[in-house]
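Two complexes, one shared chain (chain A), two partners (chain B, chain C).
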Partner chain A sequence: MTMAHDAPKAGSQVGRSVPRLEGRDKVTGRAEYTHTMRLPGMLYCKLFRSTVAHGLIKSVDVSEARKVPGVFAVITIDDVMKVIPDPYYGPAFHDQPILAHEKVRFVGEPVAAVLAFDPHVAEAAAQLISAEYEELPAVYDEVDALTTKTYVHDVLKPAGTFADLKHLKDAKDTNMALDYRLRRGDVDKAFAQAAHVFEHEFKTQKVLHLPFEPHASIADYKDTGVTIYTGSQGPSFVRTEIARLLGWPENKVRIKVPFLGSGYGAKLYIKLEALVVALSMIARRPVKLALTFEELFYQITKHPSTFRIKSGVDKDGRIIARKCEVYWNGGAYADIGPRVTQKSGLTASGPYEIDNVSIDSYALYTNVTPAGALRGFGVPQLVWAYESHTDMMARALKLDPVEFRRKNLLREGRPHPTGTIIKDAAVEKVLDHVLDRMNWSKPFDKGTGVVKRGRGFGIAIKAVITPTTSVAIVNVSADGSATLYCGTIDMGQGSDTAMAQMVGEILNVSAESVRVVPRDTDVTPYDMGTLGSRSLFHMGHAVRRAAEHARDQLKALAREVGEPEGSNIPVRELFVKKYGMQAGNVIGTGVFKPDYIPPAPGTGLSENVTAFWMVSGAGAEVEVDTETGHVKITKLVNVVDVGKAINPRIVETQISGAALMQLGFTMFEKMHIDGGQVTNASLADYKIPGFHDVPVVMDNSHVDTNQSNGPFGAKGVGEVSTFCVSPAIANAIDDAVGVRLMELPLNPESVYRAIRAKAGKPLEDE
Partner chain B sequence: MTPFELAEPKSLSAAVKLLDPDDTSIRPIAGGTALMLMMKAGVFRPAKLISLRNIEAKYSGIAADANGLRLGAMTTLSALEHSADVRKLAPLITRTMLTLSNVRVRNVATVGGALAHGDPHMDLPPVLMALGATLTVVSPSGERSIPLDDFFTGYYETVLEKNELIAEAHIPAQGTKRAAYMKVTTGSADDWPALGVAVVIEADGKAIESARVVVSAATTKATRLKSAETVLNGKTADDKLLAQAGDAAVEEAEFIADVRGSVPYKRELLRVYIKRAVQQALAGGVQ
Partner chain C sequence: MTAARTISFTLNGLPVTADVKPHHNLVELLQNQFSLTGARETCGQGLCGCCTVIVNGKAVSGCLYLASFVEGAEVVTVESLDTPQKLHPVQEAFVETSAFQCGYCTPGFVLMTTQLLEQHPDPDDDQIKHYLTGNLCRCATYPQVIEAVKLAARKRKAG
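So, the complex of A and B:
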């Protein structure tokens, strides 16, 4: 069969660097984004936010704001509860109120909303609102949160979605939103037998996703149904959660998602959607809330973390025991933090085969902006610690850092500490490739004078979040053109292009000819969410199956109309033969959910804990200015295992993009917080990497592998190259100047202070 | 951003009359690159802005003679960057433009705005101060001349009255003097500096006749470091002298801590960068 509109050669779509299907619309300013969208009669919302980190709300005075000409309404939680009596939402816990209710739990929490026809009027009015609070003691640090008597929530309210949170129902006097544990072997006995025991503590700071399109949502509520236009990475979840809040069936809730100006995890689950729905219910008009860049600092962040890692090594350099205690600073509302805690927690011991492992991973509430998923789902925080720790042990034992790792690497066919047998995880191949790209075996110039040079590397593994479900539909029209309906959100990662390539591969049409329908839950079927590098694998399978289903129906149609096997008849002629004219459709559907065995309660062990493993490695060469602590990255090597690349060019941009993002988190990005108040909540004082921060040499590649259970041998790539950047650079700094930094970011002052401390001349604090 | 009134007077004299010395909610706006950030952040909410965009064209021009440059206050930084006269008479300014913010900012930000805003992190104030600039300022009661050395009084504070505007900056020709401006960032490469050091030196080889040394960003205001100049003047620039100059500079400067660094760290940065700036200037001043 040949399809209409089939310009390029058929059957060669996968593995081709197809230019992004939406690229032209984006660069010419024609692509649609929620942030710039307007509906007729729409009201704009601006928020009045808490100025205290933890307090009881004594009163909120909105009277002056209501008097401002052009203000339509000023709304507090009392108004919301008249339309949504139980106004709490969230993916893991129903802990977040639509507007602050009785209490505020972080500086920046929305307390009241002003609606006006002009956003500037709304903003001016919001500034006339005042509130009185009875301040409560607050907790900011994740380790303190475990032992303090200050509790962010009076009672915990698990959402019921996740089995491992059920025991926290109605829990009181705790800030712990999950206590994940893994127990393998006997760590205490192994530590007693170890020739060497090392224990270190690492910390990461609070940083921001900073999507170029800040969060924006519009709700248009009618009693017959509500339509929400939103920059969301997970419209299916938004629909489910809004339906729950309204007590409605899901088919009365419609979520439309245009392109996203990136997401990185910031736009997952539910963010502004519940608020705009409540406001639209009250106002009986469409309501839009679009955050400013400054407000992003009060929406969602990455988890700060403290990781205490302890390893026992035998006399031959084998790691025989590892104990991991990880504390995740989840902020005031759990968001997806408990899942970050568990799903990354299970790989906290790293890409090593260790017989005795104990992992405790704690999700903790604190009085700061909530934390959620950010490009790596917790794994970059873990790798930062375990690959720094691994290097420190090799140094202390005077072992070659490569050979020490090689001796302990988790290899194909061997059990991961969870008990799952490693398959299709090219750990050693990635390591070899990093070393090759670094010219590791060649002599290295360590520098002279003020500037010292060093190099380092790291290697990591991640388990994809499992189990999750994706559904897709492929519609072949009577002219032979193909349309794909899938819920994966293209937020810049190129998923529309990759999915169209898979459809094209199976239907023998060019990827460019496949239409990918904009996301609309009335039309596009269920998907768990665009997160954790899961889409290419899970949705890829669903799309593949839908396309195969359509292809099989076309073959059946050919037989039905009397075409011989292997006939080359154009598809549109098949339809004409069947229906007597250009009419009809063939609808293919595909569903994918991988096999999975839940971790055993108590031990966390499972023979099938993940649908696939992600592997990455990084190497860095640096120059350290010993007089100032400035670190120049002269070379950054990023190597990943993505199985077969569906679109090699997009894979490369994902590798470089993720690595540069992590480079910012590694070198300088930090939300400075003083007494719960973010002191640099603007892009003037919170900087992300620019062109001049790109390493002098950046070498991005993927190893040649095949994911045997992946669609066309492929697996996800979006977050993988974030994993190893931080420890590779810290290890390189140590190599250059002999100082070890245990806390991110590795900014010039931190490096300089460490150099001074090592010289026995520590710099005074302030 | 909250609503405000906008006036667009056609002349500088009309503009100063629209300002009110007692009403801080009325403000002049030139390029607006700094002011708009403050307004968007809600830090500043003016009732009325007096735009200077439509004032006489002569305030947007660069005039040059053998003695130096006359820069109209509304001259954009991009015009400075591309001016052959500036390159010839004050090449330090041209070099500074390469790392001053980005092309979008330089295209609209103005000389007068960069000075009048009083932000210690900006690059132009220390450079013009080191070059010995003088300002002509205008108010309804007339005109006066102010050496840039005396212009800044504190963090975002200047000697300008609320109804006084900069008309022009006069920059003496660099001539045989050698110069360097070193911008030290501790965040991203294009962050505001944690420290700026500008030096303009008359020297014969390494023998310094006279030096002007200015610190910015690490301090509450762009400041001439006269004690460091005293150390340098009439001496030969060797390691020991430069270390002494660094010590004197650190002793004299009034540092502020912020997200870009603590005071002790900024002291060390200044010590190092006094040395590097003088060395760079003497080596020809190419960054």
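So, the complex of A and C:
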């Protein structure tokens, strides 16, 4: 049996660097994005935002704005609650109001919305709105948030979706949106027995995703149903949440997602969608809200963090105890912070086999822009700390940093601190490969004069968010052509192409001939979300099963129409034989949800905590100018374990892109916040990596492994190479000039201050 | 809001007229009146290159370039480069090297690369980085873009 118009040889689709299916649309500027979409009769929304970090709303005066010619409506939460009486939403907590309600909790929180046919009119009118607040004390720091008497929310309202949040229902006088703990062995006893104990505190700064297509959503509400066009990484969740807010069945809510001008986690769960739906309900017209670049700084960011890590080492250099306390600065609304706190928290002790481990990971509310997932789901913050810490211990003990790690490495078949046995996690292989690409065993020129050279590396492990579900449909038309319906969002990571390759592999057609249907919840089935490098594994399995289901039905069809076993008849002739003409379909469906055992309450232990492990390593060579603190990265090695690569070119681009993104978070990116106010909310003041920031040598590779439970031996790659970039560079700086930086970013000022402090000539504080 | 006035210019080789207000920028003009969405406003400060448009043979930042200023000008957008039969060699090179991820900044890179190759038909890495330094890619596809530019140069030479 052969399919349709082309018949490549079996086994030729997976493992091939198929050029991206959407390439032509993207290079010609014709790819569709929500930010540039328009609907007939559409109104534009512009927002009036809070200027205080924490305050009770005394009054909002919209009268001048309403008078502006061309303004259609000016809307506050009072108007919203007439159509949506309980206007609170969110994936973990129902804590975020559609517009500020009674209180504002961060500078930039939307307070009122102006609608007009001309966005310039809406913008001008929004500037005429004024509000009076009774200011409240605010909390900005994640550690302070645990002990302060200032509470961001009066009462906590868990969404009910996650079992480990239920105990927080109706909690008062707390800023803690999750307290995850893991307890293995007896850390206190082990610390008492340890020959050496090391304790350090590391911090990460507030940075953000900055997708070049800022968030945009359009709602077209009708009494019979609502259609939302949105740049979302999780249309299934948006549908569920909008249906809940409206008290509707899901089938009256339709979410359409064109291409995303990237996401990196910024567009997960629900963002602008509830607001545009409410506005469209009130206006009875389509309403579009498209953020400006500046507004991104008030939408969602990465979690700043404080990580206190303490390790006990015995006289042979074995780590026998590790205590981790991680504080996550979640901002004013929980978003997915509690999941970041738990799912990354469980790997906070790193890729090491340690018998006594204690982890406390706290999600904390503060009065700043909310934080969510950003390419790594919290793991880059953890690895920054534990791989810096590991290096500091090796230096203090005068142990070789490679041998120290090797002695403690978490190997195949051994228990992770959660109790889950490590399988298909090429920790040592990745380490070996990093060292090989770094020429680690060769002599290294440390430099002379003012420019000193150094090198460092790091290694990391992550558990994929588990358990999650994906569903896919493969439709074979009567001409033999194949169409894939899957909810994974191609936001630049090349998932459409990879999924098409899997379909092609099974149906024996070229990946290029497979049509991937644009995301539309009216036709594409459920998917938990495009996040945490889960899609290739979970949706990949669903797609594989759907294609196999279709293939099996085609085989049955061949038997039914009397074809002998192994017949070479083209598929389209099968349909003709069956239906007398080119007619009919074969529909294959596939569902995937991995096995999982939830962590035991209190101990966090589980024998099956993750569907798969991700592993990565990085090595850096740097030149540090001791007179300016400037750091030049002369070489950056990134090695990941992705199992089998479905599309090697896409894999390489993901490794490279994720590492360079993390390089920005490591070296210079930082949101400056003064009294709760972001003071550098523009691309002129917030620098991101450009051509000249690319290291002189970038060496990206993946080790040759097989993910035994993965589709075609594969697993995810989107975020893996972010993990180790920060500690590799910090370790290299220490190697070069003997200073240790405990807080990101590693900018010239920080490096120079540390050099001066070490020389006993510290610079004055600003 | 101020009144609109009618301007005439050449858009991708065709004479056109449009009604523009003094505060409209070139991106708005192209998107709202001609449904050309290849030039996009991202940073709004002329720093990222997503809004690149060619005006009178020279690349400009469409987010900062007032629409009124294209009166009488020759305006070229990314949508003019390909034909139904064939992509422009620069576009082919970007596709073949997968030198894009989300694609939002890609039209800007493509237009700047066509201009780069007119001035430097055989650019080295430093020339490419220098010339394209005003184009940012948040997905950080920079190493792949350098490959694409070099491939485009070879295609161009081969005619």
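Note that in this section the second predicted complex is superposed on the first by the 761 of 766 C-alpha atoms of A that agree within 3 Å, B and C clash if a C-alpha of one lies under 4 Å from a C-alpha of the other, contacts with A are read in each partner's own complex, and residues count from 1 in each chain.
As a convention for this text, a residue touches a chain if its C-beta (ideal position, glycine included) is under 8 Å from a C-beta of that chain, and two chains touch if they have at least 3 such contacts.
Nothing here was measured: the structure is a model prediction, and the numbers come from that model.
After overlaying the two complexes on the shared chain, residue contacts for A:653 are found with chain C alone; chain B is out of touch. Once the two complexes are overlaid on the shared chain, A:753 sits against chain B while remaining clear of chain C. Looking at the shared chain after the overlay, A:493 reaches chain C, while chain B stays out of its contact range. With both complexes superposed, C is the one of chain B and chain C in contact with more chain A residues.
In the superposition on chain A, A:308 makes contact with neither chain B nor chain C. In the superposition on chain A, A:121 contacts both chain B and chain C. Contact with both chain B and chain C is seen for A:292 once the two complexes are overlaid on the shared chain. Contacts of A:183 after superposition: neither chain B nor chain C is touched. Contact with both chain B and chain C is seen for A:682 once the two complexes are overlaid on the shared chain. Using the contact criterion defined above for the overlaid structures, shared-chain residue A:690 touches chain B and also reaches chain C.
On chain A, the surface touched by chain B in one complex and the surface touched by chain C in the other have residues 118, 120-121, 124, 292, 294, 664, 682, 684, 688-690, 692 in common. By the touch criterion stated above, chain C contacts chain A in their complex at residues 1, 21, 23, 31-32, 36-40, 42-45, 47-48, 50, 77-79, 81-82, 87, 91, 94-96, 98, 100-107, 110, 128-129, 132-133, 136-144. Interface residues of chain A, counted against chain B in their complex, comprise 118, 120-121, 123-124, 127, 292, 294, 627-628, 630, 664, 668-670, 672, 679-680, 682, 684-685, 687-690, 692-693, 747-749, 752-753, 763-766.
Chain B makes touch with chain A in their complex at residues 1-3, 37, 40-42, 45, 184, 186-192, 257, 259, 261-265, 268-269, 272.
On the side of chain A, the complex with chain C involves touching residues 17, 19-20, 22-33, 35-36, 38, 69-70, 118, 120-121, 124, 209-214, 259-262, 264, 292-294, 491-494, 649-650, 653, 656-657, 660-661, 664, 682-684, 688-692, 694, 698.
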